[in-house]
Amino acid sequence: MDDFLVIDRVSKSFGSQRVVEEVSLTIARGEAFSLLGPSGCGKTTLLRMIAGFEQPEHGRILLGGRDITHLPPERRPVNTVFQNYAIFPHLTVWDNVAFGLRMEGRSREETRLEVERMLELVRLSAHAKKMPVHLSGGQRQRVALARALVKRPEVLLLDEPLAALDLKLRQHMLAELSSLHAQVGATFIYVTHDQGEALSLSNRVAVLNEGRVEQIGTPEEVYESPSSKFTAAFIGDTNFLTGTTVSAPHEGCVHVRVDGIDGSPWIVTHRLPQVLGQTVRLMVRPEKIHLSPQSAAVNEGMNFFSGIIDEVAYFGPHTRYRIRAGVHAITAQIQHGQPGSTLARGDQVRVSFHPDSARVMGMEVGG
Amino acid sequence: MKRSRIPVLLTWGVIAFLFAPLLVLVVNSFNASRFGGAWEGFTWRWYQQLQHADDLWQSLALTLEIALAASFASMVLGTLAAYVLHRYRSRLQSAHSILITLPLFMPDILMGISLLSLFVLGGVETGVLTIWIAHVTFCLGFVTMVVLGRLQDFDFTLLDAARDLGATRARAVRLVLLPLLFPGVLAGGLLAFTLSLDDYVITFFVSGPGSTTLPLRVAGMMRTSRSLPVINALSTLLIIVTFVLATFSFRLHRRA
Amino acid sequence: MRKSLRAGSVQWLLTLPSLAWLGVFFVIPCALVLLTAFRPADVYGGVGRGWTTENLTVLRDPAFVSVLWRTVWVSAVTTLACLALALPVSLHMARCGPRQRQWLLLLIVIPFLSNFLIRVFAWKSLLHPEGPLTRMLAGLGILTEHATLLNHVGTVLLLMIYTQLPFAILPLYAAAEKFDLTLLDAARDLGAGPWCAFVQIFVPGVRRGLLSAAVMVFVCSLGQYVIPQFVGGVYDEMFGNQISRRVFAERNLPQACVLAGALMLAVIVPMLASALWQRLARREAAP
């Protein structure tokens, strides 16, 4: 991986509040990267520092080996799609897209060709003469995209690009952004608080919390193997159970006892060296849990225990159950057509999960 | 649920109340009666007399000159004041904001007498210049408020966007902020223009010989009851002009 | 450090023009009024040397006390009448669509863009003894044959209300525009009648606008002197007439300054106090 955009131990405070704390990231050329986190985690500030609207107090930002930390925004090969799109209301669609080229002093003919090409790419050619007030939300977003992309930026920053759109349009634009990224080939950096967006749009995700990077990895990595409780809880739903490691039958495998549930100790696949007798946090995603009638036979090698269904919520493609097992409450999500998708409140069930689908993490990580 | 009709009726009642005297004035400008009482037939006579009322036209010209100069100066000062009030949060701006708003709540007569005291004690001869100063002083707050309102609606990420697309700070202000702010500045200027045109009380205090503005002239004519129908004719023309100006500024206000 | 220093001086530089202008042409003149009140008048209508408290005796003149009382009650009645009219009007405007709303606003503002004196003059001809209104009222038997609508304290009130009405409507409209109208529907839904919803929900909802409208109208009315001068009777003088008479007829600027200074303190002190109070309240509200 080449080090195209390097964020090197960057910190930023507003007043006495530290919003970005020693953040280091390396992003490759052409990558689609997401900064994911709840509001106030510092992701927007980080984006604004890459764009040049804010200056870090400490640390450097390098682009293609060049230090751009103190370069003003107009001199960076970086362009932004703003959260509210920031379309100039007094200029037509055409003039909005041409704005950046005019700033570069490009020739009239060149500007015309580039703008036309770009409007075609985002399918707005028919609206070129319109004023922004007459555009729909989706069209405004495409103007913002065209306006930034026409400058052929090396890095395109997108601040919550889908937040202002309704659900239907959001799904459509999700696909559109991915194909645009493939066509343009620039580095895309998304800022979002929506895990679904981050996972589907990007090659890699950085999860931020309180100004720090919690985890960096591919969508699969951060979803399947969260390194902290925060990441696990923020990305998708998770069952957390506190237990103790009791034995390690062989390499990469550990037995965990969870108090208050019959059937444990359970066996869990685990890659990291584990100290026995340690208190750990066991994590299982709701969709990894299987439910079967109490009487049914259990597959060999599965962990299982029994419980009572407390709550049923029907979601169309799947159903969510809340199951009481001893003193614990477990959430399970069952696809329709799967076994156990038609249970009712009060049913006795056998709850099972595969050793590979559970994760064990130490208590101290992520609080 | 039925809504009360009282607010609707009252609104139109109030509008009728506001327009009634103006209507009488316009009608009377075509009334042959010298004292504007009963209708004594249609006439153009007052408009003909108005054509030759040189002193009135001179006063009007002077009033317009002062109004133009005063609204221009207050536009510049007010826009700058609105910008800093919006841009900075500091002790200085708290004091500044109180200083800007106080004159808005000051009775005209106090503004007049205080400026008169300044000019008398400072040995400044009252005249066109002192009227201009007074007008800029009382227009400043109004312009600032109008521009400030516009600034508060302005989306400052547009400036970020312009810089992101390669504009320098100065170019972003010139190409994005100013064009979007201009209708507000102009609306403030028009407000100042009409306020200046209209002012009688303050002008009366700080005017001198040879600086008789139109309101002063009209007041003189009212006091001496001289050629009153001519005032009607002139007023009718002025009402038409203000109507046009107001509609124009209204359009400006709405477009942006 | 250096950067913040520079930002500070830029702020000062940009604030200076308006600050200096208002300092020289507003603050200093106001201070001069208060100072001149303690100067003797000279015989030529100017301001003499030395200091004196003699001018202050004008405040104890019994004739002046009755003028003061009239000024206060005329201003109070004007304020109440303007608010009573402006509240329902602003409610109606808030209920209209944006387009109609702006046209109504324009209709209300336009009469006030024409010259103030011309409007006074228009009222004079409307209320003229031979004018349409007097004739109509006489015809209906409401007025006796030779009664006049002019030169009466009622006429002064009518014109004061007429002149001040937009200063009540505009701030109230600004407040009503931001008022959530569904609150009125909610009140009706919960069993309130239209009047009850208006008084208990709308009026408190626009209280900020109500306050600034009341202050604006009351304060401007206190200083009014042109209306009593042109349409009032001999006995309808107000505070402002006393000031202007001393400036222009008696040419006694120091005595005029005593009256103006008293009015100024009566206007500025409560306003500064309320501004300060609001600031303190805001600071307390902030964490």
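Chains here go by letter, A, B and C, matching the order in which they are written, and residues are numbered from 1 within each.
Just so it is clear, a contact is a pair of C-beta atoms (placed from the backbone, for glycine too) under 8 Å apart; a residue touches a chain by one contact, two chains touch by 3 or more.
All values derive from a computational prediction rather than experimental measurement.
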Required minimum of steps from subunit A to subunit C, each step between chains that touch: 2
Between A-B and B-C, the pair joined by more C-beta contacts: B-C
Rounded Å distance, subunit A centre to subunit C centre (Cα mean): 59
Centre-of-Cα separation between subunit C and subunit B, whole angstrom: 17
For subunit A paired with subunit B, centre-to-centre distance based on mean C-alpha positions, whole Å: 56
Multi-chain contact sites of subunit B, meaning residues that touch two or more partners: none
Partner subunit A, residues of subunit B touching it in the complex: 155, 157-158, 160-169, 171, 175-176, 179-180, 256
Residues of subunit C defined as touching subunit B within the complex: 11-12, 14-15, 17-19, 21-23, 25-30, 32-33, 36, 46-47, 85, 88-89, 91-93, 95, 102, 104, 106-126, 128-132, 135, 162, 165, 169, 185, 188-189, 194-195, 198, 215-216, 219-220, 222-226, 230, 240, 243-244, 247, 253, 256-257, 260, 263-264, 267-268, 271-272, 275, 279
Residues of subunit A that touch subunit B when the two form their complex: 51-53, 72-75, 78-80, 82, 84, 86-90, 99-100, 103-104, 147-148, 151
Subunit C contact footprint on subunit B (complex, rising order): 1, 3-4, 6-8, 10-11, 14-15, 17-22, 24-25, 28, 33, 35-38, 76-78, 80-81, 83-84, 87-88, 90, 92-94, 96, 98-100, 102-110, 113-118, 120-121, 133-134, 136-137, 140, 144, 194, 197-201, 205, 214-215, 218-219, 222, 228, 231-232, 235, 238-239, 242-243, 245-247, 250, 254
